[in-house]
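Chain naming follows the written order as A, B, C and D, and within any one chain the residues start at number 1.
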Amino acid sequence: MPGNTFGHLLRLTTFGESHGPALGGVLDGVPPGLELSEADLQRELDLRKPGQGPTSTSRVEADLVHIQSGIFQGKTTGTPIAFIIQNTNQHSSDYDELARIFRPGHADFTYWAKYHGYRDYRGGGRASGRETAARVAAGAIAAKLLAQIGVQILAGSVELGGIGCDELDLPGAIGRPYFAAQASVIELWDQAVQQARKQHDTLGGIVQIEVRNVPAGLGEPVFDKISALLGHGLLSVGAVKGIEFGDGFQAARSRGSANNDLLLAPEKQGALPGFASNHAGGMLGGITTGQDIVMRVAVKPIASVPRPQKTVDIDGKACEITIAGRHDLSAIPRIVPVLKAMTALVIADAWLMQQSLG
Amino acid sequence: MPGNTFGHLLRLTTFGESHGPALGGVLDGVPPGLELSEADLQRELDLRKPGQGPTSTSRVEADLVHIQSGIFQGKTTGTPIAFIIQNTNQHSSDYDELARIFRPGHADFTYWAKYHGYRDYRGGGRASGRETAARVAAGAIAAKLLAQIGVQILAGSVELGGIGCDELDLPGAIGRPYFAAQASVIELWDQAVQQARKQHDTLGGIVQIEVRNVPAGLGEPVFDKISALLGHGLLSVGAVKGIEFGDGFQAARSRGSANNDLLLAPEKQGALPGFASNHAGGMLGGITTGQDIVMRVAVKPIASVPRPQKTVDIDGKACEITIAGRHDLSAIPRIVPVLKAMTALVIADAWLMQQSLG
Amino acid sequence: MPGNTFGHLLRLTTFGESHGPALGGVLDGVPPGLELSEADLQRELDLRKPGQGPTSTSRVEADLVHIQSGIFQGKTTGTPIAFIIQNTNQHSSDYDELARIFRPGHADFTYWAKYHGYRDYRGGGRASGRETAARVAAGAIAAKLLAQIGVQILAGSVELGGIGCDELDLPGAIGRPYFAAQASVIELWDQAVQQARKQHDTLGGIVQIEVRNVPAGLGEPVFDKISALLGHGLLSVGAVKGIEFGDGFQAARSRGSANNDLLLAPEKQGALPGFASNHAGGMLGGITTGQDIVMRVAVKPIASVPRPQKTVDIDGKACEITIAGRHDLSAIPRIVPVLKAMTALVIADAWLMQQSLG
Amino acid sequence: MPGNTFGHLLRLTTFGESHGPALGGVLDGVPPGLELSEADLQRELDLRKPGQGPTSTSRVEADLVHIQSGIFQGKTTGTPIAFIIQNTNQHSSDYDELARIFRPGHADFTYWAKYHGYRDYRGGGRASGRETAARVAAGAIAAKLLAQIGVQILAGSVELGGIGCDELDLPGAIGRPYFAAQASVIELWDQAVQQARKQHDTLGGIVQIEVRNVPAGLGEPVFDKISALLGHGLLSVGAVKGIEFGDGFQAARSRGSANNDLLLAPEKQGALPGFASNHAGGMLGGITTGQDIVMRVAVKPIASVPRPQKTVDIDGKACEITIAGRHDLSAIPRIVPVLKAMTALVIADAWLMQQSLG
């Protein structure tokens, strides 16, 4: 309830500040017998690691994950899986100014207001994007669990700095710069990034996430529709300002006759019905249809703009701040594995819920 | 966890099928001493009532609410407030065909898949929009609680059938047809509705919701950001296919220098800082800033299109259905009080959470 | 969280005051396809009904239950089952004095302190034993669910007014006065009751509850051991002052060599091991062993003693009260179906949890 | 829900196996501004540490705790406090036999049954008493929070091997061997322990826990009565087989006239009423009265009896086991700080809940 735990039957609790000793998490509810190693988590963490692309900070954290519990002889035991990532590459002195000055677009002011003035201001403390490393580690476990039943989660960047893709190849995204959903936009995005960097500015973008081969029947009426659970999970990622499912905001401009996905007779005896289209994004009444779940999330531009900005300090005095420290130019692409991780956690939890019905 | 309960400290559990004996809910966690009567709930229910506008069904339900508990001598006692709305105007025979045939765009198929073939198919059963009456009744209580601390929730339709408003007057929306956020669009919307009706089709739209005078500090890091909680609540309303906060999807196309809301010195000694703009929609790091919370949700067109549609039956055989029964032409405007209600429930819950910190 | 909801996957929310319009509950999470009717609930409610035994109040409530949702064509649908019991036989004027005076042994003072002076004082309001009717109704559903997998819950009174049974026949208890676990104690208990009545006093007792044919593997480490969940459920019933499992407090005086239940080879190929004894009461490490779960709970004497008692009023002034109204002389036997109901809810929930592991 | 998380607003999640890399926990919901250091946790952990009394194992773990998050400049920040205790003194080879043989009185069989054969059998794995170190560390934080409002938690052993105290001095218990509630029993207990050791056997006992200076009004009706929450917490500690509140099982033998605690006029203007006795153990209707909360729990004898015992192996074959490894002779006294810790967690959580009402 105080907000650092997510999920019902598969339940992630995370902890850690950007410049504290470590961050990590505890994933409870993983069924026994799943083969799992630190390498499974590290692989996903490496995709989120800073310092490896055109939009990335020069802060290089190894982000090595260490599992503390819940695995025995290479398999899960059903007990909680705890993992730790030490914070090693910290320039805390970069952040001294932040003890007193609220950065625009950051959580400095709101944490100060919420927690009665007590906060770890170094690098954003708990509100830092580093917090998402724990999500990625846990999401890797959820994804491995889902892989056992054939469910696959794909994601890619479909827009950066206002430049969108016109064709999507999500399976190929992971191998491309920016985790771009289309190879041909990369050059345009490179130019946009260079220009923004030159102009001391930052960029936002849009990420598409899909869940393939998902069983029909996941999600709970009324309040825990699969869209509501996914919305909760993805909107909880910092920088996400919107989410849509299937045709999303375009569905609001469509007509019922065009927006309805007509059902088709099953391809073979005993199979579930198919659909002639997927405007709904894989769900009806909040329950999965068995079609692909399709979502897009809006990612705001990085708030740490490398130029002077007007703001106030903790005494309410107007002042100016020029943000030091090492920062990404866009949350794209590093946010992509985070969004995949949250999606995996939601779907795996919903699948365990559905299993409880027998 | 099975999905019919929402909230933490303020917790709503709802029940009821479209054509069962009754629907209702239990709202637990309302602090003692709040003046409350059935009239407070009825007023909001009447705004959601069918049969009163150009997009509305001819099914006329009185939707009279009866409080069963939790009120004594006109005030809340801190114990759960249960309320019941009898189902009175039912034409169940309209729905006989639905025992076997899945309506496109409805939850018929997904409930059938989820619940192993057991379901109350009459009028959509639990998946019917009638379920939202319980949300509205509970939301009226949450809104009254919030009014005590000066928080006000406004909402209005800002787009219908692709025709948007260019200026918003949310406080006036409640008095207008369609709960329109602008008086001058009403005539255009009337024309769009007449045309759609003539073409045997249905419309979608967009609703904007704002929370005014909200205290800074509400929402919980990391997973229960105020955006995540609001997203969960609003995306759990049937027909909602997307949500955005502040500039939302436009923020993805903006730059950091333009998207950051610069802080301003407080207007008077001891007050909190102000902001030069509100691109963020009233939250930073998932915690309220004290600015207005601003959200928009996308509402898909009504799935019950009054024309023949191809589909399949429960044996997987292709067939055609022409939907009988009485149906709205758009979820706008009746969804507006539902979205207000969910917003009130989320904000009141977050406020109780924050109170627990002392 | 505000305390009127119980369970995880099988989740009961209750409401209602002793002298309000009605009391009832919502049971969410019942799997689809279970045959269920109001008669199933009424049968258990009738066992708890006042006015039918030597220790009983003369208040005669029909306690007729009405199901509002979640059942279609005689079977559950997986959606929440709401039920209502109208309050019909109320002598509210009996309770006028209670607006100002705290009854000893009752929750009058603590509710007043908790809820800042706001409370429905009539008949104890929410703290009345009438609240347990909702538990019994819901427990009847859980018990029917468990019966499907062969699990049976038995309970009987094993001590009243300090007079205990020396041999237990729990299956026969339901047919005897006091739900006595032994036929031969009934005459002694009759005498004890008559004497207490003559002396204007009330009695307590002890109830034993057993769960038979329960699968091994139920309960969750670490905090949700089956003993912890059962303890939570049974200690939440008013008047219960203690609980023990297996040998319970006697186990504290035993030695390891005597207290350990030695394992035995399975009776047939592929079956689970057996045990040479059941000191543990059917659980090890908080997980069921497959043996019978055995529990006893201590029930305090009824607080409404029919004689003058010293107390204070809401202004803190000393005074005296002679309790009017109609009251039982002992919570035995009416508490027995309540304890069975809570046991059924816990075990059914734990079974759904275990099913989620596949 | 999978059982490794406890509490609502103050929420503890623990992890770790006896012979894994580490164990630890995450305590979420601690309000900001509480002075806290590792020494605060270590002090309580040292009271639970093995190797320091007559009933203790010779396994000497330093049990050094390391805080990973949630503290900045010596004060809590409102974010989750994670702590780790490395496992350093492991003789895993002591446990090789346990891969195949179920120890009587242990969770070996039930974990095997629950988790489909997957388990870390070394030293009991997750079911080991070592798990409670995380509870003690977290409880130390809760106790410090409670100390700020004057609430104090006391506990002491009141019975060992069937030998009870006849007078209690709980404040002095912490300084005595066995955390004995009375100085004069220590010699008798020493003799009992020596005898049991000579006879290759183990002992159980009873612990009394009291909460002093607790505010009136804590606990939630109906299902989350303070007794239910405390029962849940204390019964979740391994080896606890029963709990009673106030007069407990003796109350079942008392009469209403004797068992009711009469209210007394407040000692000074504006204060709350007092009580002439405390048979109820500090609660009425499940809500605290402001009197001391008084509880006793029954602790079974240690299951690791140092003599041959009959049992079966994972193939169901009868066999014999002589338990190697280093084991306590009684859970007394090491369980005492664990029970205090769970009590502190429950009361602090209930206090935060009550604060949310304003």
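Remarks
The working rule: contacts are C-beta pairs under 8 Å (C-beta built on N, C-alpha and C of every residue); 3 or more make two chains touch, one makes a residue touch a chain.
All values reported here derive from a predicted model rather than from experimental measurement.
Across the assembly, the mean Cα position most removed from that of subunit B is the one of D.
Counting C-beta pairs in contact, the pair that comes out ahead of the other among B-C and A-B is A-B. Between subunit B and subunit C the centroid-to-centroid distance comes to 38 Å (mean Cα coordinates, whole Å).
A straight line joining the Cα centres of subunit A and subunit B is 26 Å long. Multi-chain contact residues of subunit D (touching two or more other chains): 1-5, 8-9, 14, 32, 78-79, 114-116, 126, 221, 353, 357. The part of subunit B that touches subunit D in the complex is made up of residues 1, 9, 31-32, 78-79, 221, 352-353, 355-358. Taken together, the subunit B residues at the contact with subunit C in this complex read 1-5, 8-9, 11, 13-17, 20-24, 26, 28-29, 32-33, 66-70, 72, 75-82, 84, 114-120, 125-126.
The touching residues of subunit B, counted against subunit A in their complex, run 1-6, 8-9, 12, 14, 102, 104-107, 109-111, 113-116, 124, 126-127, 131, 159, 161-162, 196, 200-206, 216-225, 227-229, 231-236, 238, 240-249, 251-257, 259-266, 271-273, 276, 280-281, 283-290, 298-305, 307, 309-312, 316-318, 353-354, 357.
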